[in-house]
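Paired with chain B in one complex and with chain C in the other, chain A is shared by the two complexes that follow.
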Partner chain A sequence: MLYIPGNNPAMIQQGGIYGADSILLDLEDAVALNQKDAARTLVRNMILVTDFYDSEVCVRVNHLSTPFGLADLEEIVPLQPSAIRYPKTESPEEVIELLNIIEKIEDRHCLPHDKMTLHAMIETAMGVQNVFNIASKFSRIDAITIGGQDLTADMNIIYTPDGTGIDFARKRIVMAAKASHIDVIDTVFPDVNDEEGLRRETEYAKKIGFTGKAIINPRQIDVVHEVFTPTEEEIRKAYRIVKEFRSNSAAGIGVFAIDGKMIDAPIVARAEYLLRLANVTVE
Partner chain B sequence: MLNSLGREIPEYIEGIGKLEPFQGALTKLSKGWMDEPTIPAPNKAYLPHQSKLCRTLEEAIIRSNPHNGMTVSFHHHLRNGDILLVQTLTILHNMGIREITLASSSLNECHDPILPYLVDGTVTRIFSSGIRSELGQAISKGVLDTPVVIHSHGGRVRCIHTGKIQIDLAVIPASAADCEGNATGSHGKSAFGSIGYAVIDARYAKQVIVVTDNLVNFPCIPLSISQNFIDHVVLVDSIGDASKIATGTTRITNSPMDLRIAKLAADVIEHSGFFVPGFAFQVGAGGASLAVAKFIREKMKTKGLKGSFMLGGITSYCVDMLNEGLFETIFDVQSFDAVVSNSLLNNRHHIEIPAALYANPFNCGCITNKIDVVVLGALEIDVDFNVNVITGSEGKIRGASGGHSDTASGAKLTVVVCPSFRGRIPIIKKRVHTIVTPGETVHVLVTERGTCVNPAFPELEANLRKAGLNIKDIHDLEIEVDKITGIPAPLEYTDKIVGVVEYRDGTIIDVIHQLKEK
Partner chain C sequence: MKPKIPAQSGTFESSDVIVLIEPLPNRSGRKIEISSTVMQQYGESFRHIVDGMLDQYEMTDIHLIAKDKGALEPTIKARLETAIKRSLGQQEGTLT
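Moving on, here comes the complex of A and B:
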């Protein structure tokens, strides 16, 4: 997910060419207070006229507690981007308030309530505390994300490249997402020139369960894709597991072995997930 | 008369002579010889132990028989750090010499100070592979009565062989030279690497001055330029601004756009059918073109694939690939940074070549004929894949033909990389302002918004589609880009021709008209 400042027309215009799975047009932290109105209008117009090719488009609006949040929703919701990203989500009550406003706007524009989804950003200690209820109670929330910089600020700690301070939050947020069967996207890696650091952090995020990572520069796309894309070897192995599972199941065998290693239901489930990611069908 | 690309070419231009229209990239070559007679190189004589050393450049010029109407040549290996072209023309100007034909292998921003000499008639004709900055703007506005002639690097050699350019005086800066004029660019405080473009000047000029800021004991090794062609040698404090001649190593661009285009281009090359063991490769020295080398390098390592040679303008990146064993040889006609000079000096697989061997179409095999894959840039490209690298979107001369058409003509796969628009100006046009490289020699265009394959190469397109690459019809891409940018108002020109673009075989591929003053 590629962050693009909502007040930069050139970057928005080129947003779709880099091959990011989704782009996030940011009206919140990337936009200075005195440019909020102009950015909102710009993002609205660019969504209307720009071809973002295969990238999904999300918009991060300002929080409803700010003077800009409501105006952002009034402008953006009628465009029905793939998702609205809501910053500093701290409680289910906030989400209820947000959804009420969104659905009223959708009603005024005769739009359905099930097309555009919500991404809840968890970037305060209170949000981390309530993340299970935020993630699990709303069908429109199909992803939660962690905002590392804001979270460390809220915790009064310094952000370090090893991510020690937010490690608990990362894992708790991942667990909430897994319990709710929704996507979970890791925070940005701020040093665009440190490719190895990005790779290390992305590999860690994948290892603990994140399903994607936010990025701030198109140069970071390839590394994130390389980490999250299953390798050819992994795909071949998963394919073999699923295929043999099906033929064994047909013969009434539940547990079997491949190359001396036991294959049971959890391993099959993981192999099926990997093949879905790789868009591979077992014949 | 119309040439085969539909461009109107006059039959004759005063000061240039009779023009022959372009008829196809290989039409003239397919005969197997050049119709135009080759002029003899001058024969000169020096007495034993006669000194060639002159105290000053001015003294050397005085000894070189300066006269009105003379042709003076230079090489551009010092790039934007050159100071000797301006110094030489200033000396000639102060002597009252007029109607000079300037035949520099290219002209850069550092040569802008000669603009007054174009205005006052000191310089009245120009032959060059590239013209930029204020000189380009002034020429586009018609400062010269006689159009400039833009040639390719290979075409310049042919121009000299045929006498189209008859050099009276060649001034050759060298970073090291001895008292006899043996000279090189590969070492010394002002090292610039290969001196390949100047070799033909040394051979054919009636008078040759080697200028160096590093006079070494005889003999100067390597003999990139050899003493038997040199008349005078001058030691000066400096041949140029070292910081602008060559510095450090070449860095790959950080521009996400250039990197994106480069990655797509590398994918094209990988699946083209030409990315095979022993392939020969050339890339440009900057932007997306050089960045392609980064991705090709990774792909070669991943696949364990080893190429044959790299050619052309050589960067430290090429040297790294040679040292890693990814290629066996570098043929270097022009070097772009300090690391390259060291490699040229010390690695016998890094070979300095003259422009004739690099790209002259009329010999028994220039090395561009052996290229498998070349990656080139473009200022504009049209829906027939014709490429403009000489005039900008505002119609002014601001680029260089260089080796563009030479390498495109020789390569099995010519990949043009450029953004689909710059600023608000579309780069893909229905018709480019000026054709430098004919579309028949361009196989693929790679932009950030898609890849277009010249329909003349259906097998290539099939290969790329099979690999799942995003292939678009170039007409569709043009429309897509026009929707983003709008269509710029057409440029307005007068009937006056300010530039003639020679194809490498000497035929005229296009002319450049004077821009109307607004």
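Moving on, here comes the complex of A and C:
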């Protein structure tokens, strides 16, 4: 997910050419306070006419407690991007308030309530404490994300490249997403010149359960894709596991072995997940 | 409508346009100055967009200066809309 500042026309109009899975047009932290109105109008116009190719388009609006949040929703909701990303989500009550406003705007424009989804950003200590209730109660929330920079600020700690300070939050947010069967996207890696650091952090995020990672520069796309894309060897192995599972199941055998290693239901489930990611069908 | 206050929007960055608006005395009409890095190719089209936006907001007694660095139509329209609304006091931004 590639962040693009909402007041930068050059970056927005080129946003779709880099091959990111999704692009996030940012009206919040990437826009100066005295340019919020300009960014909102620009993003609205650009979404209407710009071809973003295969990238999903999301918009991060300002929080409703700011003077900009409601105006952002009034302009952006009628365009029905793939998702609205809501910053600093701290409680289910906030989501209810947000959804009420969104649905009223959708009603005024004769739009359905189930097309555009929500991404809740968890970037305060209170949000981390309430994350399961945020993630699990709303069918329109199909992803939660961690905002590392704001979270460290809220915790009064210094961001460090090893992510020690936000490690508990990362894992708690992942667990809430897994329990709610939704996607979970890791925070940005801020040093665009440190490719190895980005790779290390992305590998760690994948290892603990994140399903994607936010990025701030197109140069970071390849590394994130390399880490999250299953390798050919992984796909072949998963294919073999699922295929043999099916033939063994037909013969009434639940547990079997491949190359001397026991294969049971959890391993099959992981293999099936990997094949879904790779868009591979077992015949 | 007449601009109430001077206003601007946009930047001097590539693919952007900076728009400045200032009020003129009553019955002055419109004074429009456009400069662009692609004036020869798109100057006429740019002027058409400016006229269309000013007509849409029924703007008069206005001095508008646009300095373009190759902005696309949605960007030009967004910057014009923002500058107009700021000049009418409907939105806050620079110079207000």
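What we mean here is this: the second predicted complex is superposed on the first by the 283 of 283 C-alpha atoms of A that agree within 3 Å, B and C clash if a C-alpha of one lies under 4 Å from a C-alpha of the other, contacts with A are read in each partner's own complex, and residues count from 1 in each chain.
Keep this in mind: a residue touches a chain if its C-beta (ideal position, glycine included) is under 8 Å from a C-beta of that chain, and two chains touch if they have at least 3 such contacts.
Keep in mind the model is a prediction, meaning the values are calculated, not measured.
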Which superposed partner A:9 touches (first chain B, second chain C, both, neither): second
Touched partner set for A:164, first chain B, second chain C, both or neither: neither
Partner with the higher number of touched chain A residues, chain C or chain B: C
Which superposed partner A:18 touches (first chain B, second chain C, both, neither): first
Touched partner set for A:218, first chain B, second chain C, both or neither: first
Shared chain A surface residues [contacts with chain B and with chain C]: 13
Contacting residues of chain C [partner chain A, same complex]: 9-10, 13-16, 71-75, 77-79, 81-82, 85-86, 91-94
Touch list for chain A against partner chain C, complex: 8-10, 13, 34-35, 37-38, 41-42, 44-46, 48-50
Complex interface listing, chain A residues touching chain B: 13-14, 17-19, 51, 193, 217-219, 222
Chain B residues within the chain A interface of the complex: 254, 256-257, 259-260, 263, 448-449, 480, 484
